[in-house]
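To keep things clear, I will list the structure first and then write my remarks on it.
The first chain written gets the first letter, and so on, giving A, B, C, D and E; residue counts start at 1 in each chain.
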Amino acid sequence: MAEIVIKNVAKRFGGFTALHSIDLTITDQEFMVLLGASGCGKTTLLRIIAGLETPSQGEVWIGGKRVDHLPPRERGISMVFQNYAVFPHLTVFENIAFGLRMKKLPQTEIDRRVNRTAELMHIEQLLKRYSGQLSGGQRQRVAVARALAMEPDVILMDEPLSNLDALLRLEMRAELKGVLADSKTTTIYVTHDQVEAMSLADRISVMNGGKIVQAASPVEVYRNPAARFVGSFIGNPPMNFLPARRGTNGQFQVAGLELPGPVAGDALDFAIRPEDVEIAPTGFVATARVIEPLGAHTLVTTEVDGKLFRAVLDSDLKVAPGDELRLAPKPDRVRWFDPETTLAV
Amino acid sequence: QTLFWSTQAAPVEETQKMREQVLAGFEGGVDYQASETGPFLTRLAAEIQAGSGQIGVVGSLHGDLSTYADSFVDLSDVDLSGIAVSEAFMDLGKLGTDEQKYLPWMQANYVMAASRQALEYLPEGADLNALTYDDLIAWSKALAEGTGSPKFGFPAGPQGLKHRFFQGFLLPSYAGSTVTKFRSAEAVEGWNAFKELWQYTNPASTNYAFMQEPLLSGDVWVAFDHIARLADAFNQRPEDFVAFPAPAGPAGRGFMPVLAGIAVPASAPDIDASKALVAYMMQPETQVATLRATNFYPVTDAALPADLPESAKALGPAINAMTTADDALPALLPVGLGDLGGQFNQVYTDTFERIVLGNQPVEDVLNQQADTLRGLMNQANAPCWLPDAPSEGACPVD
Amino acid sequence: MSATTTASDQPTPVQATRSAARFLFWACVFLICAWVLVPIYLLMVNALSSPEQVSGFPKSGLPGFDFSSLQFFAGFSGVGRALWNSVSVAVLTMVLSIGIGAPAGYALSRFDFPGKEVFRMLVVMTRAFPLPLLALPLAVMFIRTGLDDTALGLALVHTVLALPFSVLITFSLFSGIPLELEEAAWTLGCNRWQAFQKVVLPLVLPGIAASAVFAFTISWNEVFAAAVLTIENRTLPAFLIQNLNVSPLHLKFAGGAALVVPALVFIFAVRKYLFAMWGIANR
Amino acid sequence: MQAKALPYLLLLPATVFLLVFFVYPFVEIAVLAFSRNGSFSLQPLTTMATHWKFGSALGWTLLLAAVVVPIQLAMALSMATIVTKLQKGRSAILYIFSIPLGLSDLAAGIVWLAIFEQSGFLNSMLHGLGLVDQPILFLGYQNIWIIFLAVVLAEIWRATAIMMVILVSGMGLIPKEYYEAGEVFGASPWQRFVKITLPMLRPSLQSALILRTLAAFEVFAVVTALGGTTLPVLMGETYNWQFALQDRNVAAAYAMVILGISIVATLFFLRVLRVPKGATI
Amino acid sequence: MAEIVIKNVAKRFGGFTALHSIDLTITDQEFMVLLGASGCGKTTLLRIIAGLETPSQGEVWIGGKRVDHLPPRERGISMVFQNYAVFPHLTVFENIAFGLRMKKLPQTEIDRRVNRTAELMHIEQLLKRYSGQLSGGQRQRVAVARALAMEPDVILMDEPLSNLDALLRLEMRAELKGVLADSKTTTIYVTHDQVEAMSLADRISVMNGGKIVQAASPVEVYRNPAARFVGSFIGNPPMNFLPARRGTNGQFQVAGLELPGPVAGDALDFAIRPEDVEIAPTGFVATARVIEPLGAHTLVTTEVDGKLFRAVLDSDLKVAPGDELRLAPKPDRVRWFDPETTLAV
């Protein structure tokens, strides 16, 4: 049992508040992904859970035990640091074995675990090297292997795959997920890669400016953002927003289109994901500005009613800057936000 | 300014007095610098080796000066204008050559001192001014037993002058000789006596350089030392202390004067100025001022004034009593040893450390050290000096 | 160092704030402070006592506030000049030993080259050979070249003593600075020297200051060479303490104190540089 | 990318300096150790080796170093750790810790003499506590072990600060993140010290140990102040032969012995504390 | 003019060869992206160009001048380091101003440039902080700003945005591209983010095991991989490969399907991108194994003829593990590789 409960935790650095009263529960064996803009407090939150930082207020519970005043080594966690913190004076082998030696495991067990995690991370041929002789990605994998080898109750990973190429990431991701599920580890995983977040997470917590804005399943977060921020933050490219005003007929007027909307509210924000628009005669009038080929698709940045509006279209479409397009939102994918509270309606 | 490079009057107070009271009167101006032996010799050797330098006049003990006999200018032409200098000392100053390598500068001696409270323990019938070694042992024993701790003190520390005691006091008193009878039965007797005395000697003696402080602090009640190193006790508390001659042994009352000389190295920047300073040092007034500053006595016939410091008042008569005693047996400083003087001293120090501190068998130690001593004498080819009988060639060690 | 870095800005790790551990910690701090300070205190007590109190028994452990011994030294003619000489020799030594030693320390830490070990041993040998023996040939050389009796000459000898410190300490400091920071500076338009000066130096400055302080105190306390190589331009130790061994006790203590106090003031004055810790702790 | 000459260029000033001011006089002295009256001879060495004090001087010197250096290392490490752990009052405490830096060995000898001397502070204290009637003679020649102890104390007191400051500045350069990683991976404070601080401190440890051990082999003034000649040490003998006995050849031979054991010690530390090839720090 | 020419450059670390004889020309003002697996030598190559590493052999020319023996500062480059190398003793402002001060620019110009690049990187409110007080992403942005402020002829960036969230990346990316194009800077940009590579690059160089496998335009690299490695490395998820054998009719037999192929070769590898397959009755018989929702699409990992086969399908498709699908490759997107040389046929 390693449920993590964070109650009303805040962290201030001098005059700067990095975390405002965070409440979050990560259930046992859950895979929780933290997503959020750079500098929003993800690392700080992880460090508070790990015990590397004292919260300015609030409580941290792990496995039903209050751990605020326990040193990190007594919290049953292990961690992948954002900047790796691979020991430069130890070989890769000894780096991975570090925590195991602290636990005084027998040498055979240490060998077994080190080799296993090294293989998992594809660094088995580097075991004798020192960190100064590794590339950035290799070093990062050592950091991950070191944390995995501990087989902890709770593992905290701070952008553990950020320096890996796509292929390796894909592979590591799958393997991480498998290993962590097998070992029933509760995981908190910081990433800025949404695909990663989507494919790994049981739940995603979206943070913004030191607060948690939404904590829900990936599909939920993607489809039904709880706040405008979530919609604009998640999805690559992000959601498009257009101001909407209730017309006399009860319908909403959005950039010249008339759309059915929620019952409450007069002035709302209309939102749609770029991949949820199609070329159709009944759409918004959009002037193409930038065309970016993305491989299978093309990202077309257009201007709708003077506002930026992005659409992901099939790459077969021939379009040039300046062309006029008609972009129609898929009706069931339209979302509405209150412009004042920024919350979903 | 003439640089006066010296090992004497090294204690800071004395240095100050030398500058202010003794040398201030010299017209040419003097920079008096007192150093420890190490820097002193190094600097001197460096200037001699370099062939030029700043040292105008060197002032040190006979032993130090004898190393550099070749490098000093002849001082026989210094105008002493009728000042009478002790002949024996002038002879020593020739360092075995025909030239006057140094002029005697000042002299001192070793005496005994005791605090008045120690006199109560003086053995029956012992005369303080004609003490024997046996008396001293008995007295020290009585003191040790009476007060509960050993009260005799002896400057056996690294800066202490213990070797002079063995060369000039202990051995002559017992064997009537310093070198020749080094390992005679009489010498053995002397060392045994000293071992006995050591039982009643404050063990801190191995740290003492100066006996005036243990006397003042009461750690030591009876002490043997160089007069300059006793003076402070008498100056501070004249009523509390008495001075008296060194004890006598079967062969007489051995004693050894301390002689400091002044020389002019050939590398001196201005030899005439240096000689003028040397001449100035010999002046009666200077010699008296030197006595006041350093507690070293004149080597000339300078008349001593009446208003001497307490120490001089107390110590002068003791020296006098010792040197003029019926059984007085003067021993001279080593001559002709050149730079082996240090090793010559070491023979006696080692003998002491091995016999007394190391508790090694007396005869064995003496035999071994005698071999070393003989080697040294042969190497230097130095003839005997007092109290040993004059020899042809190197002074023999029986 | 910066105005923005106040104590509370620093990330504060969760500490084992168990009171027993804290108590033990502070007890240790206290004990070590006492261990350092008590003997100094006793030296001062003796320096401030009259000759009788110094040689008396039992001692109270309180100073007699008798300044005669200290005054004796203050009145010693030429103390001011000697103090000045000492300071200038020590400062010269400091500059020379860092100026010559830091480049060598840097080379040892940043490059691999043939002859490295030989050089290292040479430096170490310097420290391992008794100065009193070297003093004679050096003095002869100095007399012949006119370096004799100059502050520079003595500083050169003191630099021989201090150089091993500055080379080895700077070597170990430079080894602690990631090469990458320097590389970043190179790509930003620095040559090696500028990169060193603008990036490495500020980071190792506390350590450099430490080795400079060593150089200073080595020179400040050195007696033998000073006694041999200076005549007119005597330094304070050559002036004051070379004969302390044969001086009466109360003067020994006063002389010792007279030498210790300026050194303490010096260390106090430079402690800021010695111990300045940049924001590098959480690099 | 840089000329291969750069490291040599950087070493040049130091090398030239040492050649002129150390190697030249050193060779002159070293020759003395192997000659007598200008021609090759082993006599100085044999004289030294057969002198009755040589063995004990060597023994005491080595013993002194063997006792003092480890204790100082432990103390310096604790002091440095304390200093880096301190939040408030750090500079004041660091200042106090480094006070002995400013003391000459002679001054240290005097201070400890004042304590151990017969009428000194230790006896005064014992007397004040009523533990003794008569002051005890601590530094007598019979109590050679007490003299030894006093020398050890004085040396520790005087020279620990030097090591400490080297170690403090070395510790300041260890990035905090490694401690955090250690902490997360289960290392107790002690284990972090052993597994992270010590290995990452190797360059500083090396410097501190080499410099300190070499100084310990040259211990002299403190020993003379406290024990006179009762406790013979190599440097004291060197001094004695050079100045009291005026035999520069034998003195040079002693110096060569000091040099020899210093080189052995240095090689030892360089080996034991070397940073493996490839490892940074 | 800042053309970069790399001739026959190799780099060995002891016994390990990190770069094998690289030849590459980056034309003036080109935006070249380096892509490659972790540890393939990207950083090493950048460091050699920057002059931080001496090549074991070969020549480097920048702007028509041989620079092998020039120190970094004389090469007219600036660099963003993979692990930032932000100076810990300087504030963010001074970090960014560092290079400008070295050039002895007037203070007003320094202020101007620092403020401009800081704004570009959204770190204008952090200018007074020290690096210890920044989050990972903020530190990274300082490193980028520092390099940009130099306005160099050549800029080398080693994964400069790896620690930023998607939104910020998107923004930074656009801004970087704009700024660098405006200033006519020749850029070499290491990234493992293929979207980034695609959208930024004029050309992409794909590296593998210390060699450059293909250097071509993004579309070319994506559509027509020069080697099997490129196909498998680029594209997320990567290309699918299936063994093909020429049948008696000259057509190729691929997992039960008969497809037209190139004229040469008997045994080839058939390749198709996951997004280039559609559900169609004439496709491969595929058993769904893992279903991963990616937001707009669903990644279905299937098994075809015992081999792993991925397909990106519309997220509306309802499919569960174990289901059988029929996946048809779009004919014009099929590529063929020689299994021995691994090169495209």
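FYI, a residue touches a chain if its C-beta (ideal position, glycine included) is under 8 Å from a C-beta of that chain, and two chains touch if they have at least 3 such contacts.
Because the structure is predicted, anything quoted here is derived from the model rather than measured.
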Chain centres computed over CA atoms; the one at greatest distance from subunit E is chain B
Chains sharing the largest count of C-beta contacts are C-D
Separation of mean Cα positions, subunit D and subunit C [Å, integer] | 15
In whole angstrom, what separates the CA-based centres of subunit A and subunit C?
-> 54
Just how far, in Å, is the C-alpha centre of subunit E from the one of subunit A?
-> 21
So how far apart, in whole Å, are subunit B and subunit C when each is placed at the average of its C-alpha atoms?
-> 40
For subunit E, residues that touch 2 or more chains besides their own | 51-52, 71-72, 83, 133
Touching two or more other chains, which residues of subunit C qualify?
-> 4, 9, 13, 16, 55-57, 132, 136, 178, 192, 203, 244-245, 280-283
Sequence positions of subunit D contacting 2 or more other chains | 2, 118-119, 135, 177, 180, 183, 224, 239, 242-243, 275, 280-281
Inside the complex, what are the residues of subunit E that reach subunit A?
-> 13, 35-39, 42-44, 82-83, 133-138, 140-141, 158-159, 162-170, 192-195, 198-199, 218-219, 222, 232-238, 273, 275-276, 292-297, 299, 312
Mind pulling up the subunit D residues that touch subunit C in the complex?
-> 2, 4, 6-8, 10-11, 13-15, 17-18, 21-26, 28-29, 75, 78-79, 82-83, 85-88, 90-91, 93-107, 110-112, 114-115, 118-121, 123-125, 127-128, 135, 157, 161-162, 165-166, 168-170, 172-177, 180, 183, 189, 203-204, 206-207, 210-211, 214-215, 217-218, 224-225, 235, 238-239, 242-243, 248, 251-252, 254-255, 258-259, 262-263, 266, 270, 275, 280-281
Inside the complex, what are the residues of subunit A that reach subunit D?
-> 50-52, 71-73, 77-79, 81, 83, 85-91, 98-99, 102-103, 129-133, 146, 150
Once bound in the complex, which stretches of subunit D touch subunit B?
-> 52, 118-119, 134-135, 137, 139-143, 224, 226-230, 239-240, 242-247
Where on subunit C does subunit D make contact in their complex?
-> 7, 13, 16, 25, 28-29, 32-33, 35-37, 39-40, 42-43, 46, 55-61, 99-101, 103-104, 106-107, 109-111, 113, 115-116, 119-130, 132-134, 136-138, 141, 156-157, 159-160, 163-165, 167-169, 171-173, 175-178, 192, 203-204, 206-207, 210, 213-214, 217, 220-223, 237, 241, 244-245, 252-253, 256, 259-260, 263-264, 266-268, 271-272, 274-275, 277, 280-283
